[in-house]
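Reviewing the structure listed below.
Order of writing sets the chain letters: A, B, C and D. Residues in each chain are counted from 1.
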Amino acid sequence: MKLSRSFASSLAAAAVALFMSSAHDAEAAKLEGRSVKIGCLASVTGKGAEWGQTAKISMEIAVEEINAKGGIGGVPVELICYDTQTLEAEALKAVSRLVERDRVLAISGPCFSGEFETIAPQLDGQLKTVINSYCSAKPGLSAMSRWAFRNTLTSDKQLKPVVDAWLKEYKIKKVVIIYDAEDAVSKGEGAGVLPALFKAHGVEVLESLTYRTKDTDYSAQVTKAKSLGAEGIGLGACYQNAAAIAKEMQKQGLNVPVVGGACAGAPGFIEIAGKAAEGAYMSTAAFLDDPRPEVQAYVKKIVAKNNGKQPPYGGPRAYDIIYSYKHCFEASGVTNKPADLASDREKIRGCLAGLKKFPGVAGEITMDENRDGAGSSAILKVVNGKYVNMAK
Amino acid sequence: MFDGLLDGYTRSLLIFAGIHMIAAYSFYLPYKTGQVSLGQAGFMAIGAYASAILTQKFGIPFAAALIVGGIAAGIIGIAIGFPALRIKGIYLLLLTLGFSEIVSVVALSWEYVGGAQGFRQISFNPFTLEYVIVIIAVLLFFFARLERSSLGRAMDSIHQDETAAEVMGIDVVRIKLLAFGLGAGIAGLAGALYAHHATFMDSTTFNIMLSVEILVFVVVGGGSTYWGPAFGAVVLNAIPEFLRALREWLELIPVAWTNFYPVNRVYDFLHGFLDFENAKRLIAYGVILILMMIFRPDGLLTRDSLRRLRLPRWKSRHA
Amino acid sequence: MLYQQLINGLMLGASYALIAIGYTLIFGVLKLLYFAHGEVFMIGAFAGLYLVLYGGANIYVALLGAMIICALLGVIAVYVSVRPVAKDRPLAPLISTIGLTIILQNLAVYLLGGQQVAFPEAIKQELYHIGPITISSVQIFILGIAISLMVVLWFFIEHTKMGRAIRATAENHETAALLGVDVNRVVLVTFMIGSGIAGVAGVLDGIKNSGISPFMGLSAAVKGLIVMLLGGLGNVPGAMIAGLLLGLIEILSAAYIGTTERDFFSFAILILILLYRPTGLFGARTPEER
Amino acid sequence: MRDPAASHVCLSIEGLTKRFGGFYALNQLNMDVQQGHIHALIGPNGAGKTTFFNLLTGVLPADTGKIVFDGQIVDDARPSRRTLKGIARTFQNIRLFPHLTVMETVMIGEHCRAHPSVWKALGDAVLKRPFQESVAEREMQTNAIELLEYLGLAGKRDEKASDLPYGEQRKLELARALATKPRLLLLDEPAAGMNPRETSELDRIITRVRDRGITIILVEHDMKLVMGISDNVTVLNFGTKIAEGSPRQIQDDPVVIEAYLGEDVQL
C-alpha cells in the first residue's frame, strides 16, 4: 500500500473533484474524518502468493479509481493491507490488528478457506467486523459467523451447470475423476460434488484418483485412467495442476474431454496447457473475456500491473468487494466518526447481507442466506485457445 | 486476567510469540545433548491433534487435554528417539524431517480428524495467554535449574564429546532419550495451545517451514544458553511489529513536508524500505540470517555475552 | 499398463537423479546439508524459460544457458553462504543456506510473481507406439539428455584429474590437501557442477511438467535428499540408480496402492534407510558416521 | 608386589581379538592384571594399545574374547556401565569438553557416582528446593575441589578446559577420570607432550594414585617413566603379545629389542 504520497495526491484530487462537481457528490452522504479505512488481508507471500498478489493489486486499482472520483462520501479511501503469508496464525494476528489498531470499517479477505475458517469464529466475540473472502470456495464456511461473507460462489454452485453442459455436448458414459486430496475445495469437488453430479446423469465413475498439491508428476494417474478406458476426465484441481494433467494426457495420447471445477477455470489453465486445453469445460467465479467494457477496463489495468498476466478469479472478486463496500458505506448511513465505529460496522454488515444484484466485473453480487455469493456462474469452454461462455 | 490491559491484537501477538518460544525450547532441550531435530512441527502436530480430539470428540476439559497432548507427543518422541539414538548430524536431521512429513500425510488421509477438510471448529480456549505465560515460566524455571544441575552439565558434555562423556560414566543413551522425549512433549504442549487458539488446523499447518523457523529461533537467539531460544523467538516475532511501528511514526510527518526536497527523498526511501508487506520482507530476513551466521554464528546471546550482561545466573557457591 | 507405468517411473526417476547428483556431490566434499539446492533448480527452470521466451534460444542453448547461470549461482552460493561461515559450528552453514533458500525463493516471487508460468513448447510433440507402450518425443528427449549428462558426469568423476581430486576431497579434506589438492578450488568446482546439473534438471522439469513456479524448489529438494541417502552419501552412481529406483517406487505405489500415500512411502523408505542402512543401498563414499 | 597377601587378579583378558577389515588390530590377547599394580603396555606404533583400551572401555565392540573385571564379565556392557563398575580412562589425544570449566569437567566425572539414575538426576535438577543447590551438588563441588587440590589445579577451577596449557589439560583428564572413583585406571600416553619437570610430577602422581589402591594400566612411550614405576610390563607388536614380565626382564628380552629395532626408543 502506498500511503501518504498517494494519499496526498488523492486528497488534492478529492478537493478538485469536490470543487468541480459538488452537485454530483451531494447525493451521497458526507462522511467524516481524514480517510475511510478498508482493511485487506492478502497472502502476498507463501504458497498462495499468486492469489494474494493479484487480489491486492486489484483492490488497489479499485481504491485508486474511487479516490480519483472523490473517494467515498467526499473522503479518500485508505486501504490497509497485511500479508497473511498463507498462514492461519498470521491471518488471525492481522485481522485483530485491522479491527483494533487500524479501526477499519470493513475487511476484504482473506483468500484461503483455512485462513477464513480460523478467523470466522473470532468475529462474534471481540472483533465484530465484516470479513469478505474473494476466493474461498469451500462450502459451509460463512455459516460460522454472521460477520463472515464470501463474494464468491462455492464449488457446488459453480460445477452443476458446467457438468450438465459438458455431458450434453460430449455424451460420455464412463469417467475417471482426478482430484487434489490435499486441497479442501478440490477434494470436496472430486470426492463429493462431481460423483453426485455424474450419478445424477447416469454416468459411471470408473475410479477416483488423487494427488497432492505440490505434486508435479501425474503420469501414473493418467496412465491408469487411460488403461481403465475413461471417456472423459473430471478434475477437482486448481488450474496449475489441471493444466499439467491435461498436458500429461496429451503426452500419453489420452484425447478425451475434461471438465474442471471452481479453481480450474483460470486464464492460466489455457496458458499453461496450450493446445491440450482445447474443448475443456471449466467453471469460474469470474469470466475475464466478458466483453462488457468495465470488465475489459479492469483486465487492462490488472494485466499491466501483474507482469502481463491475467489474474485468477480472486482478483476481480476482490475488486468488486471494494465497490460493494463503497456502495454500502454510502447507502447505509455510515458516518465514519470514530465514536460510531461499532454502529457503522453493524450497518455495513446489514447492507452487505441484503446485497442483491449488485453489478461487478465478476458478475452480479447477490448474498444468499448464508452470506455466500449466489447467482449464475459462467460455463467456460476452451475454443481456439480462448474461453467462451456457453451459458449465454 | 489481562482483559483491561491488553487489546485483542496484543494478546494475539503475545500468544503466537509465546507458542513460538515454547516450540523453541522444545528444540533446545534435545539440542543441549547435541541432537538437531527438524521435526518439531511434527511433534506440535501430534500434541495439537491429540488434544483437539480429546476436547472436541470427548468433551474433555482443555487443561487435561493439554497435558495428554504433551504426553502423547512425548511418547511418540521417545518412540522416534530410541532408534534415532544411533544416528546423528545430518542423518538425524533428515530422519526427523521425514517423520514430520509422515505425520502430515497421516493427518491428511485420516478422515476422523477431518482429512483434507482440516480439523474444524476446535473449541476456543479463552485463557491461552495465561496458559502460555505459566508454561513459559515453568520452562524458564526448569532450564534455570537444569543449567546448574549435574544433569544439565552431563547434557552439555554429551553435546561436546559424546564418546568422552560415555566413558566418563554418563548414561548417554538415557539422557539423550530423556531430552528428546521431553523436547517432543514440550512441542506437543505448544501444538495443543495453538490448536485451541486458532481453532482450525489441517495437514499443512505444521509443516517443514515451521520446523525450520523453530530451529532459526534457537540459532539466532543463541543455542549455548537457555536464554537464547526465548530471546530468538521474541526478537524474530518483534521485528515485523517494530517495522510497522516505524512506518506509522513516518506517517506523523506532515503531508505538506513530503512535497519538498530533501524530505521527500528521505521519506520515499524510508517508506519503500519499510513497506514490508511483500516478498521483500522475507528477502531481508534471508539476508539477515546469512549475515548473522557470518558475524555472529553463536547467536545473539552467548554464555560470554550473558556473563558480561550479568543477567540472572546464580553464582555457584564455590566461586 | 505396467510397462507404461515403468516408463513413467523412469521419467520421474531421471529428474530425481539429476537433483540428487548435485546434492551428493556437494554433500560429499562439504559434509553439510546444503538447503538451497532446490532453489537453484527452480532458478534453472526460470533461466531456461526466459532464454527460450525472450532470448529466442533453441532448447539446447537454453539448457546450456541454464547450466551456466546455475553454475554461477553455485559460485555465488559458495562465496555468500558457505565460505564466510564458521565450519566448526554445524548449524551455522545450515542456517546460512536456509537464508539463501529464503532469498532465492522470494526474489523469484518478487520479480516474477507467485504464479505458475507456462513453459514454452520447445520440442515438437509426437507420439510413438511401441507394443503396449506410448512414448512421446518429449519423453525421449528428456531421458536422452538426463542419461547422457549422467554418463558424462560419471566419466568426469572417474577418469579426470579434477574428478579424482573431488573424490579425494570427499574422502578426507586433510588427506586431499596433503596430496596437493586445492580443496577450496575443488569445493568451488563441485558447487558449479552440482548447481549446473540442477539447472539442467530444472529446465527438463519445466519441459516435462509444462509449468514452473517459484515454489517448485522445496519438494524437489526433499526428494533429492531422499535419493541422496538412498544412494549413499557422496556416491554419484548410487544417486543415479537410487533416483530411478525412487521414481519407480513412487509411480508404482501411486498406480497400485494409492496416490495420497505416495509420499508416505518415500518418507518411510527414508526413515528405514536412515535406521538400518545409513550408508545407503550402495554404500557411501564417506563411511564415517556423522 | 608390595603386598603379596592382598594380591589377586583385578582384570583378566582371554582371547581378545579385533579386526578392521583384514587387519588384526588385536589378535588373541591373553593378559592378567594384578590388583594394585601399575601394569605398563608398550609396543611400537600401531601395535594395538589404544585399540585395547577402546575394547576395554567398550568404545569399540570386540570381535571375540572375554573381559573379566573383578570377577564379572563386562563384554556386553555399554561404556558408561563399565565406568560405573570401576573402569576409567584418559585419551591419547586429549578429549576434554572444550566449553566446560575445569571445575565442571571434574564434576562430569563425579556425575555417574552421584546420579547413577537419570530420573534421580532429573529430580535432583528440578524438584529440590528452588534457587538452592542440592545436597548432592554441594557434595560434588567439595569433592571436585579436593581432587583439584590433589592434582594442583585448584587455582584454575573456573578457567575453560580448552584454555589450559597442554600439560595441565592432561592432568585435568586424569582428574576427570579419578572423579569417577575407578578401581582400574587406563592411562593412554599421559606423558605425551610433557616437559621433563611435568613428567616427573606425573610420575609422583601416578604412584600416589596406585598407593590409594587403584590398579593402573599405562600405555606410554616414555620408557624411563615406564621402567621406573611399573610393576609389570606387557609388550605388544602387530596386535600380538610378544613378551610379559617385570621391567628388568623386558629390558633384556631379545624379542622386544628386535620389535623395537628401527624405532628410536631407548629401552
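Here is the rule we go by: a contact is a pair of C-beta atoms (placed from the backbone, for glycine too) under 8 Å apart; a residue touches a chain by one contact, two chains touch by 3 or more.
Just so it is clear, the structure is predicted and the values come from calculations on it, not from any experiment.
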Response to the item:
Chain centres computed over CA atoms; the one at greatest distance from chain A is chain D
Worksheet item: CA centre of chain B versus CA centre of chain D: separation in Å?
Response: 42
Worksheet entry | Length of the line joining the C-alpha centres of chain A and chain C, rounded to whole Å | 37
Worksheet item: For chain A and chain D, what's the span in angstrom between their mean Cα positions?
Response: 74
Worksheet entry | Mean-CA-position distance for chain D and chain C (Å) | 49
Worksheet entry | Multi-chain contact sites of chain C, meaning residues that touch two or more partners | 106, 109, 218, 260, 263
Worksheet, complete the sentence: Flagged in chain B as touching 2+ other chains are 108-109, 278-279, 282
Worksheet item: Mapping chain-to-chain touches, which pattern fits: line, ring, star, complete or other?
Response: other
Worksheet item: For each chain, which other chains does it touch, given as pairs?
Response: A-B, A-C, B-C, B-D
Worksheet item: Inside the complex, what are the residues of chain C that reach chain A?
Response: 1, 4-5, 8, 11-12, 106, 109, 112-119, 121, 125, 127, 134, 136, 138-139, 205, 208-211, 213-216, 218-219, 250-252, 254-255, 258-260, 262-263
Worksheet, complete the sentence: Note: in the complex, chain B contacts chain C through residues 36, 83-84, 86-91, 93-95, 97-99, 101-102, 105-106, 108-109, 208, 212, 215-216, 219-220, 223, 278-280, 282-283, 285-290, 292-294, 297-298
Worksheet item: Can you name the residues of chain B that touch chain A in the complex?
Response: 7-9, 11-13, 16, 108-109, 115-118, 120-121, 124, 194, 197-205, 247, 250-251, 253, 255, 258-259, 267-268, 271, 275, 277-279, 281-282
Discussion item. Please output the residues of chain A touching chain C within their complex, sorted ascending.
Written reply: 45, 47-50, 52-54, 181-182, 209-212, 214-217, 219-221, 223-224, 226-227, 240, 243-244, 247, 250-253, 268, 271-274, 306-307, 309
Response to the item:
So, in the complex, the side of chain D touching chain B is made of residues 57, 59, 78-80, 83-84, 88-89, 91, 95-100, 103-104, 107-116, 118, 121-122, 124-126, 130-131, 133-134, 136-138, 140-141, 145, 157-158, 176-177, 180
